[in-house]
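Per-chain numbering from 1; labels A, B, C, D, E and F assigned in written order.
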Amino acid sequence: MKKGEEIEFIKDGKRVDGRTFDELRNIKIEVGVLERADGSCYLELGDNKVIAAVYGPREMHPRHAQDAKMAVIKFRYNMAPFSVDDRKRPGPDRRSVEISKVSREAFEPVIMREYYPKAAIEVYVEILQSDAGTRTAGINAASVALADAGIPMKDLVSSIAVGKVGGEVVLDLNAVEDNYGEADMPIAMIARKNMITALQMDGRLTKDEFGRGLKLAMNACHQIYELQRTALIERYNKRESVKFEEREA
Amino acid sequence: MGLEIMDDVRKDSVRNRISEGYREGDREFREYREISIERDVAMKAEGSARVKIGNTDVLVGVKLDLGEPFSDSPAVGVIITNAELVPLASPEFESGPPNENSIQLARVVDRGIRGSETVDLEKLCIVEGEKVWIMFIDIHVLDNGGNLVDAAALGAITALQNARVPNERYGLTGDDTLSVRDTPLAVTMVEIEGNILVDPDCNEENAATSRLTVISNADGSLSGLQKSGSDSMTEETILEMVEIGIEKAGEIREKFLKTPS
Amino acid sequence: MGLEIMDDVRKDSVRNRISEGYREGDREFREYREISIERDVAMKAEGSARVKIGNTDVLVGVKLDLGEPFSDSPAVGVIITNAELVPLASPEFESGPPNENSIQLARVVDRGIRGSETVDLEKLCIVEGEKVWIMFIDIHVLDNGGNLVDAAALGAITALQNARVPNERYGLTGDDTLSVRDTPLAVTMVEIEGNILVDPDCNEENAATSRLTVISNADGSLSGLQKSGSDSMTEETILEMVEIGIEKAGEIREKFLKTPS
Amino acid sequence: MKKGEEIEFIKDGKRVDGRTFDELRNIKIEVGVLERADGSCYLELGDNKVIAAVYGPREMHPRHAQDAKMAVIKFRYNMAPFSVDDRKRPGPDRRSVEISKVSREAFEPVIMREYYPKAAIEVYVEILQSDAGTRTAGINAASVALADAGIPMKDLVSSIAVGKVGGEVVLDLNAVEDNYGEADMPIAMIARKNMITALQMDGRLTKDEFGRGLKLAMNACHQIYELQRTALIERYNKRESVKFEEREA
Amino acid sequence: MKKGEEIEFIKDGKRVDGRTFDELRNIKIEVGVLERADGSCYLELGDNKVIAAVYGPREMHPRHAQDAKMAVIKFRYNMAPFSVDDRKRPGPDRRSVEISKVSREAFEPVIMREYYPKAAIEVYVEILQSDAGTRTAGINAASVALADAGIPMKDLVSSIAVGKVGGEVVLDLNAVEDNYGEADMPIAMIARKNMITALQMDGRLTKDEFGRGLKLAMNACHQIYELQRTALIERYNKRESVKFEEREA
Amino acid sequence: MGLEIMDDVRKDSVRNRISEGYREGDREFREYREISIERDVAMKAEGSARVKIGNTDVLVGVKLDLGEPFSDSPAVGVIITNAELVPLASPEFESGPPNENSIQLARVVDRGIRGSETVDLEKLCIVEGEKVWIMFIDIHVLDNGGNLVDAAALGAITALQNARVPNERYGLTGDDTLSVRDTPLAVTMVEIEGNILVDPDCNEENAATSRLTVISNADGSLSGLQKSGSDSMTEETILEMVEIGIEKAGEIREKFLKTPS
């Protein structure tokens, strides 16, 4: 889009893709999609496609990085080279290092790390297709993959961003909104306890807009929590019925 | 480390079963696991495909960027094939720069595409000596159930067949069709207890001491070979594997790929 | 490694004192350590400042080099913010490429400057699509007494306010003034034993399990937030910290910074 | 050479450098050319000049890469920066990493690795001047250097490439042929047992051409084996005569 | 400065900045300027500004690099990105690796390394502003920081460069002189024993000029030694008086 | 590691023999081991030489590539000197990026060539500000028998003397002669038990605690000095070494090198 072209981001209370201010994009969650990983999850958030895998608890390497009192969580957020418009060079860049850190810290409050001293719990998130909001999609997928791997957690973590576009505070920016947005604020939360485990903000917001945005995001995390829970229950039921069929056979 | 014994036990178990003529999942020795292909799975890529062979799950994306040609070949585009064995895909993969396994994987797939002259590199030239398309073929492994190279080669040719030249994104005009002239396919075999097995899963890969990948084209010619592993092979085994490789590639081609125009 | 117990003892001691309402150096919970700023300390830089907050000592230098703009934004200059946690500054810092801590430090400072649109990037364009100023903001930590980000952000805006465009060195003419339009300042808080503490020193940083940095501008708006650390926070705590952050930034701004023209 | 210029690669059954289809370039082998290495070999194959050194068996570093059951073989193929037309940047590139892997695997079937658990046997090949076929020259030199170092081996490994140029399958391409060749296929072999330990192919060959090429290469490996053997015998005799002289003196 | 412009480097026996041939630039030394380091020193030599910190003796990492008989000295010379006209990319380059080696070796003769087997003594020098002579400024600062850290040393090390400019051998080149100088020769010395611990030379000098330059530098090292000693005594006195006041209080 | 004792024994043995006036191979203290030079050993290089000094074996290749000049010196070519201590050459060398030893080796050789202004850098300029020759001097060590720097410096000047400008390969015309105006040579000495030894072999290098390399030119002037090692030296020793270094370089120059025209 050239400069000077104007996009009308808000029209009749609707956004460019027809959503209301507080409406999430479509979310699709599949549990247990990988064979080799101990737990895994494929997740779509609008046009974002991400996949998360969990390995562990297993021995932490290198040894000098072990923690004698609890498991170390490793979190690696990585973009596939073809997940963005201009091909991304493989390997970590500064952005993905920061996202990996923030995402790891989003899970540290919930994982029962003290159960596994000296161990590593490894979470890998691959972004296959990106459309703004990949880090929140990754955290949501990782949360489900951790549960699928049977890692003991106090609770699930749910994540979403709010942003400001066309002067309005709205939920879950898509790529067009994000490119022209005035602010973006991803959060992660233990939805059932309303405890915030990650919070970042880019752009410019008044204090009032910040407060409203935080509320909007927190509400949406409750919705996401329900979707995560439903996906896990379906998976569990399917497993159980497989076991049942096996017993019958 | 303490699990090395388990590793030996598993290898022996695979070998014993093979010598009794039995293969995991009741597969024939020369039978592939179930193959499925999903096309256009990554909309930011010019072309993409997700290939599953049994539990093996590989995503290949093709991206075209503008760049300069090499000074010794000013009138042709550039292909760069790259593979990432991300730790998501296997407990044995580690983060870090490409190692010899990911480099070999990328180079063998690349070799098939080059040897067969599948992509018309001259059509990737925009202004001779100045501006050409750089074509990145990125192999992104999601689940390593064994035999990555066949899945990657099948993913690469499928992604190429579906790729479009992104003229518009770069303010260029012209035909968006990518000229894809052949269909090189890799068929990998191992020898275990005197038997040739097609499409080894990861337990079979571990149990086998060497492997041959045969890349062949629509006309039955070869456009790539790669032996790997720590054991030697006889001329007869190799000749037989080449025979099988060409035949199996033909079957996959027929079932899954468009005929190049 | 053998000193881990000492580490726990120290953390407990800090927590105990805080819960008794007492802070090292008799500081109030919402009081900064002594702040001092030295300007133009590095004459090879276009602008520089050395900021001390208690024992924390950070040097920020701004350099402008000529370069090419990004192809998707041909009419604006480029800001690159970088932080080095050199091993001189702390027994915990190690030589080597940037790690997640130095990257986060640089990116949070960068975010405040960008979000507030402090630097008029269009004025850093010399020839559209061809030649722009690349502005490097380098954060060089000399002594880590805790709360690096507030010192770095204060150093960055001070260095920017004193920076000149080095037209002459590059044979260019024109106004040497750098347009600096806002004064984003970071205020970092931790929560220990239910108390919100502003400007944590390094013992407090270790004792706290999470931290929030609030970056705010001259008009009281926010231009950056970053929570870090391994514990969660309530909505109420966050809202209170944002309130405090804006207020404290105002005090520092008043005392130390020029008002942007 | 510009496009459109035609080289006649085959004329009256001879190639550009006068060789017949099944003729090797000149090979020169010198054993024990380095002082510090445990074994070494300098080898010329036409205009290729390579040198190989062997160290070990010695302690494997880093320890976590040791194999409790057998020696680990390290193989490093490296080009001197001035060995090619356009200066090569020092350090491994993707090509040399792959060649090192294939070359190492060419020796794994013959080295008695189980004699030296936890040890490393290190093979270093430096390309000083390149003219197509450096990897085969390197394998041939490494084979002799391993023998010179006294590393227990079941047998020597010999290596050569065949290629297709001007429509014909011919042995041991030189650089001009390789640049315009239609296919290149290096192999390595335990010549005395006709067991193939390395095989790669680039370019395009019919199944029939492949079969003929493989035969051609295998035959040539027998010739190379004899040259390797002769060089080692000469070296051994020289050593013996030195020892004899020392005893006499 | 353009080619063809002539600078008169020597006029009436004085140099561009008014110094005589054997005159040092102003030197300012502050001891104990950093809180976290075990010892530290800020030093100005003309327009050079450097800071040195010392950590240790402490456990040497990685372990395989420990020396069972004595402490290992690590020395890292590093330029801040904004310390030079064209921004320097962070991280070590070839020049700084060499300077770090030469500087480390300048201290190996004086540090009682055998007192601390398996330990590391770490010296970090940061160049904040450079104006020719940074390595000598860094060695002088490091020497004081080592003393401030209480590292046992046989003696202090003092360092300065001589150079040739406008045909004359002169002491302690500044940046203008260095850019157009004909030679530059940094030395380090145990001043009280006239033992030279570092010596390098760039450019071109006759044997006679070399001899005179060496003398000039050695004499200057004695002056620098006195400045270092004075700074340390002042620091010691200040500490003692602080202790005294504490006792009194 | 377990061999450290052997290392001490070897050092002591060398020192004892030296103090008795005896040197390996019955060499005089100020005598070089046998020197041999082979020219034009690498035909892909513009110039090359293989120098042996005793068991030390070093190959130096000179390559010229086209490139851009530095912006602050637009009218001169660029010299880049590089040394690789490949693990082939010594049990102590390891694979990996250049370390302080290889960097020092390259930089000392480079210093001699620059200090003496051996190469006329202005003649390496093709189009001012745009196109110059980048001259790579690559030192490739094959066997480390000690005293690499003298062998490398001798190899470098010999390779330079035989190098031609590759105008034709790059479609340029003009004189292929490279202007080589001086003959800087390095002479390295150690002090063991109060004796100055020229051209130390590797056992002597280990036994000595410090070393001085003296680089001198055809006219007897110096164009480089480098002390290394962990011990100090007196002024007298240094002056004597400089004297010896100049004398020895003269002998080698006379015997092996062309006189620059």
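Operating definition for what follows: contacts are C-beta pairs under 8 Å (C-beta built on N, C-alpha and C of every residue); 3 or more make two chains touch, one makes a residue touch a chain.
Keep in mind it's a predicted model, so treat the numbers as computed, not measured.
Graph distance from subunit B to subunit D, where chains that touch are one step apart, equals 1.
The minimum number of touch steps separating subunit C from subunit F is 2. Farthest chain from subunit B (centres taken as the mean of C-alpha atoms): E. The most distant chain from subunit D, with centres taken as the mean of CA atoms, is C. Per-chain Cα centroids separate subunit A from subunit C by 27 Å.
Chain geometry summary: the mean Cα position of subunit A and that of subunit E are 52 Å apart. Centre-to-centre separation of subunit D and subunit F, using mean CA positions: 31 Å. The distance from the centre of subunit B to the centre of subunit F, with each centre set as the mean of the Cα atoms, comes to 48 Å. Among the residues of subunit A, none is in touch with two or more other chains.
Within subunit F, the positions touching two or more other chains are listed as 98.
The touch graph of the protein chains shown is a ring with every node of degree two. Listed in ring order from subunit A, with subunit B immediately after it, the chains are A, B, D, F, E, C. Residues of subunit A touching subunit C in their complex: 68, 94-95, 97-98, 100-102, 105, 108-109, 183, 185, 190, 193-207, 210-211, 214-215, 218. By the touch rule above, subunit B contacts subunit A in their complex via residues 41-45, 48, 55, 57, 59, 61-63, 65, 82, 84, 86-91, 95, 97-98, 136, 138, 140, 142-145, 169.
Contact residues on subunit B toward subunit D in their complex (touch as defined above): 1, 4, 75, 98-100, 103-104, 106-107, 111, 114-117, 210, 212, 217, 220-235, 238-239, 242-243, 246. In the complex of the two chains, the subunit E residues touching subunit C come out as 34-37, 47, 49, 51-53, 55, 58, 76, 78, 80-87, 90-91, 122, 124-126, 128-130.
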